[in-house]
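The following pair of complexes shares a single chain, subunit A, combined with subunit B in the former and subunit C in the latter.
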Partner chain A sequence: MKQNFNRILLQSQSLGDSEPEWLKCKREEAIESINSIGFPTTRNEEWKYTPLDEIYQTELEIPVDADNVLSTDTLESASLVNEPNLFKIILINGKYSRELSDLEVTKSAPNVRPLEELIENEPEAAKFLFSSDPRETFSWLNTAMARDALLITCPENRTIQKPIHLLNIMTGKRNKLVSPRIIIEANANSKLTLIEEFVNLLPDKSLMNAATFINAKPGSLVNHHRISGSSSGYHVGNLHCKVSQDANIFTTSLAFGGNVTRININVRLEQPGASCNLSGLFLGVKDELIDHHTTIEHAASETNSNEVYKGVMGGKSKGVFNGKVLVEENIHHVKASQNSNNLLLSDVAEINTKPELEIYSDDVTCAHGATVGQLDADSTFYLRARGIPEKVAKRILVEAFLEEALSQLPVESVKTELMKIISKSNTL
Partner chain B sequence: MLKIENLKVAVGNTEILKGLNLTVNKGEVHAIMGPNGSGKSTLSHVIAGKEGYEVTEGDISFRNESIVDKLPEEIAWAGVFLAFQYPMEIPGVNNVYMLREALNSQRRHREQKELNASEFLKFVKEKVKSVGLNEKLLSRPVNSGFSGGEKKRNEIFQMSVLEPELAILDETDSGLDIDALKDVAEGINKLRTSERAFIIVTHYQRLLDYIVPDYVHVLSNGRIAKTGDKNLALELEKRGYDWVGED
Partner chain C sequence: MSTQTEKLNSIVSKNYEAGFYTDVEQDSLPPGLNIETIKAISRKKREPNWLLDWRLDAYDKFKKMQEPQWAHVKYDPINIQDISYYSAPKNDSEKPKSLEEVDPKIIETYEKLGIPLEEQKMLAGVAVDVVFDSVSVHTTFKEKLAEAGVLFCSFSEAVLEYPEIVRKYLGSVVPSRDNYFTALNSAVFSDGSFAYIPENTKCPMELSTYFRINAMNTGQFERTLVVADRGSYVSYLEGCTAPRRDENQLHAAVVELIALDDAEIKYSTVQNWYPGDENGVGGIYNFVTKRGDCRGKNSKISWTQVETGSAVTWKYPSCILRGENSSGEFYSVALTNNKQQADTGTKMVHLGKGTTSTIISKGISAGSSQNSYRGLVRIARTAEGARNFTQCDSLLLGNRSAAHTFPYIECKNSSAQLEHEASTSKISEEQLFYLRSRGIPQEDAVNLIVNGFCKEVFKELPLEFAVEAQKLLGISLEGAVG
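After this line comes the complex of A and B, so read on.
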């Protein structure tokens, strides 16, 4: 069944001819790991809601240079983010495009270096791009297939004022597997805001398998927002964060559209004082499947985590939220809270929400809650009795429901787009 | 203006209104009193078009048009306003934003020019003073965390902005302190014109000291059991409801 999909692993070897030996090794290791474990199916507990058979049966191609072209018109209309005041980094089919990016070489800009440049000038830093190896199939797949990798660093004590917009576009011809790989290093006491956006311009059966690594060093503050919102396609997102002493990471995932979207977020609070705030918002209006699996590991004392996920499912869509919180042994003063609130807009839409708490320490304050409901009929009537038409009344209530998750987002245009998607669909 | 004939309303298998008749002409103020559970709020909701009630017999017409099958928003556009006994708290929806949407929906429907945010704010600031609502509440979410009295004032404020033809006030006076009661009464009196009508549902005579009704009805067991003038309210205050329907 997975023959077609496995064949793509062979393509990887032929493409990597000019790469340094260490990288070839890395890729081979990753492929071996995949081969030993295999790709997950709905028979795996962790993947039971995520139907990937169709993509496994598709003959996917790795993009070649000829695929990596994009007209400026297409580029401009591709993104939901329309704010002018951003550092713009553009990756086409996972490959960094210096020409299209807009970084202005000032002291306040982030330091952005692609794989090729590092291999040539700083081989050790290049190795660093492939040093993290989460033991998970799609992360291995990214390691094996990523044609490029981008290192973004924020120097010590520096605050990057403007948000950095990382626009990942999948384009070309035929069905593709695209593997963007981004490594973000927030050095001690630095501050930065990132908006990672994933756009698929290809037909249904293409797969974007993205891997992002964030390393928040002591005292740093990282604001990270990830947006996957294409009309079709398969999207697997892997986000791995490490948070050091007194560092803080905010990460929001906004997911909508597409055929199947699976997002794995893993945050490890490694040292005392580390904290994280995870928020998420997923929205289905047709027959999408949107699955978030998050894991927060409290590996040190005095660590805090706070998680709020919201789902709005209409049409025949399915939403999944699985939030694991792991508190290791012998650590103290740990706080963890988790909330999953969901709204069903149709009778056939589905939500599966599950907290998974694994707590091996006594000194933990832990709270979690999950709700699944419909729009409140009395509130709807109240607004309609004031003369607001039903559809608008419902839109206002959905907007209000989403507000908490969206309030963190630094770009207004995305909120407007989201509400347009809801309004245009027939779910209200 | 409003004509209710032999109205029978059921929720599930329970009949709540059992053949109710009521006619309200423009310029009139009708008070409806009656024991708890007699169907006063049900009547208000059904007039305003709330789903979940089944009209099994009879009709409600507003300005000579049946509104029984109309949507709540259509009834609002026609000029009916309901001040809720229990105003809904709607977290996340800004009070001014909601009200502008409401007014503009109405104006759109009547082919009038919509008000932009700053025009609306100017318009609203005048109104807010006239009903004694704390201006800070305007930018808060609708009724969210408002005190009981603040919610009621907010209803009157909304009414003054939407300028309805027929206002139904369901126990707007309940839970108000004396000053608030006066403010609310004043808010209502300011809107009184020869064109507008009010239905005031209340348990207490005291509001009627400020707003003198043309008629007082007693709603009991799903019907109008008695109709009189303002003196009926005084009598009810003294004697309770037990004697109603005896003569």
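After this line comes the complex of A and C, so read on.
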């Protein structure tokens, strides 16, 4: 069944001829790890609700340079974000495009360096790009397949005023496997806002297998927003965050569209005073499957976490949320709260949610809640009684429901786009 | 006679000794599990052929299955060939002659629970005189039940006397292939309880295995079947608050409840098997499959459990809400101390229209124990207007204890409404200080708070159980705080 995948793994080995020895080694290790445990199926607890058989059966190609062309027009219409005042970083098929990106060379800009440049100038920093190795198949697959990797650093004590818009585009002909890899280093006491967007311009089944690593050093503040909203294709996203002393990380995930979307978010609060805020929103209108798995590890005392995920499922869509909060042994004063609220708007849609707590210390205050329901009949009636048509009334209520998760987003244009999707949909 | 023939003869006679082909009454079968063991059990119980076939079929399935690994518990692997699958109740000569011969620790617990002397003897397995009080209790309650038409007897009795009811319902809620331990139980179950409540009958008393003397030694593979016919009501109590003297390591019981139209079953359990010592040596593995089927319209099944014993617990009393407007309830207190591990919770499977379920689970973990709540609420596409409310709270005592929550929510119907809330925290310092400053000793203060924490569940228990359960909690928590 997974022979196509195995073939692509073989293909990848021949592509990496010009790479330095350490990188080849790293990739081989990753492939070995994949082979030892194999690709997940629905028999795997973590993938219980998310079948990937279709993509395993698809013949995927690794993009070549010829695929990586894109006109400015297509580029502009591809993104949901169209605010002018942003730093722009564009990756096409996972490869950094200096020409299309828009970064002023001022002191306030982030430091952006792709893999090739680093291998040439700073081999140690290049190794750092592949140093994280989460024990997860698709992260390994990314390590094995990522042709490029991007290091974004924010120097110590610096605040980057404008949000950074990181646009990942998958394009070309035929079905592809694209593996963007981004490493974000927020040095001590720095501040930055990042909007990471994933767009699939390929009509058919393709797989975007993204890996993003965020390292929030002491006292830093990272605002991260992740948007995956393509009309088709498979999307697997891995986000790994490490949060140091007194650092804060806010991360929002916005997911809609696509055939199957699976996003793994892992935040490790490593030192005292670290905190994180996770919010998410997933929206299904046709037959999408959108799956979020989040893990928050409290590995130090005095750490806080807060999580709110909202799902709205209409049509024949399927939503999955699995949120895990883990408190390690012998730590104190931990606060964690987690919420999963879901609206089910069609009789053929489906929601599976599992807010988990795994707690090994006693000095904690943890709470979680989950709800699944439909729009409140009383509220709809209230609006209808004031002459608002049913469809509009429902939309107002859905918008209100989503507001909590959307309010974090620094760009208005995305909200507007999202509302358009909601109003166009028949089932919402 | 040549040596060879001698050898042959000895082998033949040995085989005979093992007793597979003999009618001589034996107390137990040698350890090991194979088709012959199952046939022997069936023969000893003089079972009809259909039941033997059913057992063999279950054994067939069992052979192909593997022990589940997903629970959040760790224990040494069980060797199913080391277990003796049948042992008849011990006769009087082997039982302790008086209470003096019983482990003083157990007696101490009885006294704390306030159990009368004669009952203590019975619980400790002391050989009792025939004129002992409870025998008369036994007969009076039998008469009362017979008057109402309620059938209540041991499982083996039921197989012989009411085969058509047993055959109709056995395995219809928990099929033998359900999981590894149900398959094992279905193949080798030794005895258990059976109750049938006829149409429109309210069972005149609470059915309790506690009263049923012959059920005191049902062995490790129990099987319980309770059928509530249309419009009937029964409250069934399982187990008792006193610790049971038991050397069996693995307990793989199966409980099946069936509620037809407008029937209600209330099933309460207090489980207090031997939990092992402070270092986690010994103790019972309690791997139980309990499931109720609300087959009829407006039927109701309610599970209430207080779990304080066993070294490892793996137990999920569930409700299949098939009938329209049927409802399921689950109230649970699970306490773990020392090295105990519990992975327990419930499953509510909503199939019918307008079905409702409530889950209240309270986990208390002390010492270095592991306490997990694992629950599933599934709303099928057909379950229009289904409603669920779940609350699971955990209380942590001591910084080596652990509490986990794994609630699965699967919803396929848009008119369903589900709510789940959970919290985990330790005993609040302020509450403790408040009580301590009023002169209440530390241990009593903790007891008071823990009892308050569990109140919602205790109020669901039948009165006499509730009182004992509160005391039991106190005893189980001894040494956990300080």
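Heads up, the rule we're going with is that the second predicted complex is superposed on the first by the 428 of 428 C-alpha atoms of A that agree within 3 Å, B and C clash if a C-alpha of one lies under 4 Å from a C-alpha of the other, contacts with A are read in each partner's own complex, and residues count from 1 in each chain.
Here is the rule we go by: contacts are C-beta pairs under 8 Å (C-beta built on N, C-alpha and C of every residue); 3 or more make two chains touch, one makes a residue touch a chain.
Quantities reported herein were computed from a predicted structural model and do not represent experimental measurements.
Shared-chain residue A:330: touches subunit C; no touch with subunit B. In the superposition on chain A, contact of A:100 is made with neither subunit B nor subunit C. In the superposed pair of complexes, A:357 makes contact with subunit C only, with no contact to subunit B. In the superposition on chain A, A:125 makes contact with neither subunit B nor subunit C. After overlaying the two complexes on the shared chain, residue contacts for A:386 are found with subunit B alone; subunit C is out of touch.
In the superposition on chain A, contact is made by A:368 with subunit C only, not with subunit B.
Of the two partner chains placed around the shared chain by superposition, subunit C is the only one that A:348 touches, whereas subunit B remains out of contact. Once the two complexes are overlaid on the shared chain, A:299 sits clear of subunit B and of subunit C alike.
Of the two partners subunit B and subunit C, more subunit A residues are in touch with C.
Subunit A residues in contact with subunit B (one complex) as well as with subunit C (other complex) do not exist. Note for the complex: subunit A touches subunit C at residues 45, 329-330, 342, 344-374. Of all residues in subunit A, those touching subunit B in their complex are 376-379, 381-390, 392-393, 396-397, 399-401, 403-404. Residues 48-52, 71-73, 75-77, 81-82, 84, 87-88, 90-93, 98-99, 101-103, 105-106, 109, 141-142, 158, 162 of subunit B are the ones that touch subunit A when the two sit in their complex.
Put simply, subunit C touches subunit A in their complex at residues 70, 379, 381, 394, 396-426.
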